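Consider the two complexes below, in which chain A is the common component and chain B and chain C are the respective partners.
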Partner chain A sequence: MYTRRDRLFVAFLVIPSFVLLGAVVIYPFIYNLILSFGNMNLTRIRDWQLVGVRQYVKILTEPTQPDFYEIFLKTVIWTVVNVVFHVVLGVFLALLLNQKLRGKAVYRTLLIIPWAIPQYIVALTWRGMFNYEYGAINVILTKYLNLPAVEWLKSPTEAFLACILTNIWLGFPFMMVVALGALQSIPSELYEAADIDGATWYHKLTRVTLPLIRPVMIPAVTLGIIWTFNSLNIVWLVTNTGEPSDKTHILVSFVYKAAFNFYNFSQAAALSIFIFVILLALSLFFMRRSRATEAAY
Partner chain B sequence: MGRVLTHIALMFFVLIALFPVWQVVNISLRPGDQLLSTKLEFIPDGATVQNYVRLFTEKDFLRWMANSALVSFVVTITGVVFASMAGYGFSRFRFAGRTIGLLSLLTTQMFPATMLLLPMYIMLIKLGLINSYLGVVIVYSATALPFCIWTMKGYYDTIPVSLEEAARIDGCTPFSAFYRVILPLAAPALVITALFSFMAAWSEYLVASQILQDTNLWTLPLGLKSFESSMSTEWGLYGAGSLIVMIPVVVLFLALTRWLVSGLTLGSVKG
Partner chain C sequence: MKPALLILAFVWTFFSFGGCSRSTADDSRRIVIWHQMRPDERDLLQRQIDRYMKSHPGTTVVQLYMETETLRSGFVTGSIAGQGPDLVYGPSDPIGVYEVTKTIVPLENLVPPGFLADFDSSGQVWYKGHLYQLADKIGNHLALVYNKKYVTRPPATDQELISLCRRIQDKYGYTANRPNVYGLAWNYTEPFFFIPFYTGFGGWVFDADGLTPSLDNPSMVRALNYVRELRDVYKIIPGESDYEIADALFKDGKTAMLINGDWSWAGYREKGIDIGVAPLPLIVETGRWCAPMTSPKGYSVNANVRKEKMPLVMDVLEYLLSKENQAETARALNTAPTRHSVYRDSDIRDNEILQNSLLQIQRGRPMPVVPEMRAIWDAMRPSYQAVMGGAKTPEQAARDMQHLAERKIRDMME
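Take a look at the complex of A and B:
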C-alpha cells in the first residue's frame, strides 16, 4: 500500500504530462470528432452546425476529385510495398552485418544515415534528383545505363513510384537496426546445435533465425505500418502538394490538402477519424497476433 | 568468396544510402552557372563556397537558425522534464488509470498528423495565435512526448527498485531518491529523449508551414523550402542550407545509435 506522501508524489510525477497531453492531444481529438459531424469550412468557421454523419456518407458515396477509393487503394499499396521493402532490405542487411566482418561498424553507421536526415530534406533532395532534364536519376539512366529518361514528376504513376523509391530509401535503416538488435540476442549455441545436426544455411535461416527475430519484428512492423500509412512529408513534398493535378495522393496527404488548401475542415476531420480507426483496428490485430506468437515460444 | 560477396553487397547499399547526401554536397559547391549541369563529377568543376556565403549575407539564414534553435530548445526541455517524471511514475507505481494512460500514449501514435493539427489550427485562428511560437512548441512537444515517456519508462524498468529502497532507508524522500539516485542512472535514456524531442522540432516542416506564416518567424525548414518553391529553384542555396541543417543532427544521431538500438528493443519487447 502506498502512503499519502507516495500518492502525492505519483500525482506530481504524472499529472503535468497528462495535463499537457490532455490539452493538446485529447482535447483536439474530441474537437476533431465533433468537427467531423459538422459542416465547418472557411466560410462557416464560426456559425457551423452539427449535421450528423453527413461528412462520412459523403466521403463514402459521393464521387470526389480525386476518387476516394482510388486514394484508399493507393494508400494500401503505398504501405504494403514500403513496409515489405523496408523489412526485407532491413533483415537482409542485418544478416550481412551480423557476422565477423572487417569494417562492420563503419558499414552500420553509413547505412543508418538515411534515417538520420530530416525527412523534408530527404524529400526535397529526391525531388531534385527526379528532375527530368538535370536530375541525377535520369542522368544515370540515360548516360550510364543507356535507358530512356523517365518523366518522373509529370505523370501520376511515375510520380507515385518516385515517392515509393524515396520512402524505401529512407525507411530501411530503422528495420535494419531493429533486426540487428534482435539477431544479436540469439544465442550462438543454437547455431552450433544446428551445425551439428547438419543444417544448411537455408534451414538455419528459416528454422532458427527468422522464428527467433519474429517477436521483435512484429511490433516494429506494426509501428512501421502506422508510420508509413501516416507519412505525410514524402508524398507532399516529393510531388509538391500532389502534382500532377492531385493524382498522387495517399489518404493523409489528401486530408492535409482538404484541410489546408480547400479549407473543408469538417470533411478533413471525418477523414482523419477514418484513418485513425483503420490504424487502430490494424494495430489491435497485430498486437493480438504478437501476443499469440510470444506465448508460442 | 562469401565474404567478398558480403562486402560487395554492403558497399552497394552504402553507395545508395550516401548518394543523395553526396548530391546535396555537390550542389552546394557548384558555382552559379553550373547548377543545372548534368555531369556527375565527385567534386564539381570550379567548386566554390559562394553559396554558403550568400546564405549568411543575402538570406535570413541566421535568423531562421536562431528561431529553430529557440523552438527546439524549448521543446527539448519540455520533453525531457515531462517524460523523465511521467516515465518514472509509470515504471515504479501502480495507480488508477495507469494501464489506460500507457495504452492511450500508444494510441496517439496512430493519429494522422491532421487529426491534431486541424483542431489546433482552428483553435489558434480563433484565439488569434497564428504566427506565434506557442502553437508550434505545443504541437511539437505533444508529438514527441508519448514516445519519450515510453522510452523513459522502459529504461527505468531496467533499474533495480532496491536502489531506491536503500536510499529511502538512508532517509531520502521519494523525490530525492528519484532525483539523486535514479535520474543520474537514467542518463542514456535522457539523452535519447532529448535527441527525439530536439529532432521533432528541428526537422518539422508541415506544422510550421501552417502556423508560422510571418517570414520573420520562419524556422529552418520553411526557409529551406522557400529556396525550392520560388519560380526558379535556388539549388545552390538549398544544398548549402540543407547540409548545415543536417550535419549536427546526423552526427548526434549516429553517435547515439548504440543506445537507440537497446532503447527501441526494450520498449517493444517489454511493453
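Take a look at the complex of A and C:
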C-alpha cells in the first residue's frame, strides 16, 4: 500500500521526464499538427491562420515540384531496398562471424567501421567517390573492370542508386551487430540436437537459427524501417539537396526542403503528418503480422 | 519517506531544468555574429574581433560560421522564435526575405549622423525605404580567374576563350579522351554561375517591373544551349563539375581557368597559384558582356536585439565597418571595399586583381533583393540541371523554369 508521500515522491521523480517529453515530443507534435492546418509560409510567417485541410488537399491533388506520389514511391523503394540489404548482409556477415574464424576481432572491427564514422563524413566521401571523372567508383569500373563510366550524380536514377549504395554500406553493421548478439544467445545444445537428428546446414539455419533470432531481429527491422524512411542525411548530402532537378528526394528530404529552403512551413508540416501516419501504420502492421512480441522459446 | 529525501527530489528537479533556461547574465556584453565567410575571411574577422575585445575589456564578440542556406533559414526561424545572433552577415539577396519576416531592423536611425557619408551607395542596402544592411564588401561576384602558368593574356571574347581552351588542352594532351588540363571549369550545378551566360545572351531574371519572372525567352534557350555546347561540342569544360570539383581542379592545376567569385581568390594565392583575374568575356554573337550578379556583403541587425544592448551592437558594427578594417580586408582578400576613403589607399589603387574585379563589378548587375528572387533560384535550379543532365531540352527547361517560378511566387504570396 503506497502512502500519499510515496506517491508524491514518485511524482517528483517522473515529473521532469514528463515535462521534458512534453517539451520535445508532445508539444512539437501538436504544434506541427496545428501548423499543417494553417497557411504559414514566407509571407505569413508571423500572421498565419488556420485554413483547414487545404495543405493536405494541395499535396494530394495539385502537382508539386517534385510530385508527391513520385517521392512517395521513391521513399518506399528506398526503404525496402535498404532494409532488405541491411538485413540480408547483416545476418549473413553475423553468421560468418559466429563461426570459428582466425582474426575474428579484426573482421568484426572492420565491419563496424561504416557505422562508427559520422554520417556526414560518409555521405560527402561517397559523393566524391561517385564523381563521374575523378571518383573512385568510376576509376574502378573503367580501369580495372573495363566497364563504361557511370554518370552517377547527373541523372536521377543513377543518383538515387548512389544514395542507396551509400546507405546500404552505412546501415548493414547495425543489423550485423544485432544479429550477432542474437546468434550468440542461441544455446549450443539446440544445434547438437539437430546434428544428432541429421539436420543439414540449411535445416539448422531455417529451423533453428532464423526462428530464434526473429524476436531480436523484428524490432531491429522495425527500427531500421523507421530510421531508413526518415534518413535525411544521405539523400541530402550525397545528391547535394536533391540534385539533379530535385529528382532524388525521399519524403523527409522534401519536407526539409519545403520548410527550410522554401519557407513553406505548413506544407512541410502536412507532409510530416503523412510520414507519421505511414510509419505508424507500417510499424503496427509489421509488429502484428510478424508476432514479434511472442516468445520464441 | 524522510523530508530530506523530498528536499533532494526538489533540488534534483530544480537542477534538471536549470539547463533549460538561457543564461542572460552576460548576454548584454556578448555579441554574436552569424556569417557564411570562407576560412581566410573568418581568420581575418577573428583578428579584427580580437583587437576589439582587447580594447573593450568585458565585451565578448563571437563569430559563428554557417553554410549559406543554413544561415538564412536558421536566422529566420531563430529570429522568429525570439533567438538568433545579434548580427547576421552575408550577401544582400535575402534582405527581402528578412524584411518580409520582420527579422531585421532598419539601421538608418541607429547609425550616427554622418556615418553613411563615406559609404558608396552600393554598400548600403535600402529596401522599401529603409536601410537594412551595411556592407563591408561590394561584389560577391563571379569573374574569370586564370592560372598564369597556362594563360598569359586572358581572353576578351567567348571565341578567344574557346580557342585558348582548345590550345591549352591540346598542348597538355589527353588521357583516355580526357584533357590532362581543362581549359575552363566552374560549378555548373548552381544557377548563380549560369547568370553571366544568361545576361551575355541578353536575358535577365525579372521583367522591367522587377517582380515578374522572365525565364522563358530566346535568351534563356540560347544560353542553356551555349553552356551545353561548351561541354559537349567544344569539350572545354569537365563532364561533371560542382563547386568542389571545379575548385579542386583549379587548385591541382588541372584547369587553366575558372569562373569563381571574389571570395575564393585569396585562397588560390595562398595555395601558391599565380593567379590573374579578368572580367568575364564578351559574347560575340550578341555583342554583350557576360554580366554576373553583384551584391554587397554586409551586416544586418536582428530584430530581437534589446534596446539596452543596441548601442553595443552598433559599436561593434561600426568598428567592423571602419576604414582601417575595410582597408585591411581589401588588401588581404582582394575584395572591393564600400568606403570611398579606402579607395584612396595606394595599395588598393595599385592592386591589379582588385582593379579588374572593380571592372567586373561595373559590368555586372545588382542582384535583386526581393523575396521573389528565392523563387527564381529554386525554379531555375532543377531545369538547369536537367538540361546539363540531358533530361530536358533548353526549350522545355525555359518553359518549366517560368512556370515553376510563377507558381512558387504564387505559393509564397497566397
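In the analysis below, the second predicted complex is superposed on the first by the 287 of 297 C-alpha atoms of A that agree within 3 Å, B and C clash if a C-alpha of one lies under 4 Å from a C-alpha of the other, contacts with A are read in each partner's own complex, and residues count from 1 in each chain.
Keep this in mind: a contact is a pair of C-beta atoms (placed from the backbone, for glycine too) under 8 Å apart; a residue touches a chain by one contact, two chains touch by 3 or more.
No experiment lies behind these values; they were computed from the predicted model shown.
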In the superposed model built on chain A, check whether chain B and chain C fit or clash. clash
Does chain C touch more residues of chain A than chain B does, or is it the other way round? B
Given the touch rule stated above, what does A:F9 touch, chain B (first), chain C (second), both, or neither? both
Contacts for A:L210 in the overlay, against chain B (first) and chain C (second): which applies, first, second, both or neither? neither
Per the contact definition in the header, classify A:P244: touching chain B only (first), chain C only (second), both, or neither. second
First, second, both or neither for A:L97, with chain B first and chain C second: first
Applying the touch criterion given at the start, work out whether A:P219 contacts chain B, chain C, both or neither, answering first, second, both or neither. first
For A:N39, select first, second, both or neither according to whether it touches chain B, chain C, the two together, or no partner. second
Touched partner set for A:L153, first chain B, second chain C, both or neither: second
Should A:N233 be classified as contacting the first partner (chain B), the second (chain C), both, or neither? first
By the touch definition at the top of the document, which applies to A:Y134: first (chain B), second (chain C), both, or neither? both
Between 1-9, 19-27, 73-81 or 217-225, which run of chain C pushes into chain B after the superposition? 73-81
Common ground on chain A, meaning residues reached by chain C in one complex and by chain B in the other: 5-6, 9, 12-13, 16, 23, 45-46, 128, 133-134, 259-260
Taking the touch rule as given, give the residues of chain C at its contact with chain A in the complex, in rising order. 1, 5-6, 9-10, 12-13, 16-17, 20, 69, 73, 76-77, 80, 97, 100-102, 176, 178, 189, 238-240, 242, 244-245, 371, 374, 378, 381-383, 385-386, 388-392, 404, 407-408, 411-414
List of chain A residues in touch with chain C within their complex: 3, 5-6, 8-9, 12-13, 15-16, 19, 23, 39, 41-43, 45-46, 65, 128, 131-134, 142, 151, 153-156, 240-241, 243-247, 259-264
Sort out for me which residues of chain A touch chain B in the complex. 2, 5-7, 9-10, 12-14, 16-18, 20-21, 23-29, 31-32, 35, 40, 45-46, 89, 93, 96-97, 99, 101, 107-122, 124-129, 133-134, 136, 139-140, 143, 169, 173, 177-178, 180-182, 185, 215-216, 219-220, 223, 226, 230, 232-233, 236-237, 251-252, 255-256, 259-260, 265, 268-269, 271-273, 275-276, 279-280, 283
For chain B, which residues are in contact with chain A within the complex? 3, 6-7, 9-10, 13-14, 16-21, 23-24, 27, 36-38, 40, 78, 82-83, 85-86, 88-90, 93, 95, 101, 104-123, 125-126, 138-139, 141-142, 145-146, 149, 173-175, 178, 199, 202-206, 210, 221, 224-225, 228, 233, 235, 238, 242, 245-246, 249-250, 253-254, 257, 260-262, 264-265, 268-269, 271
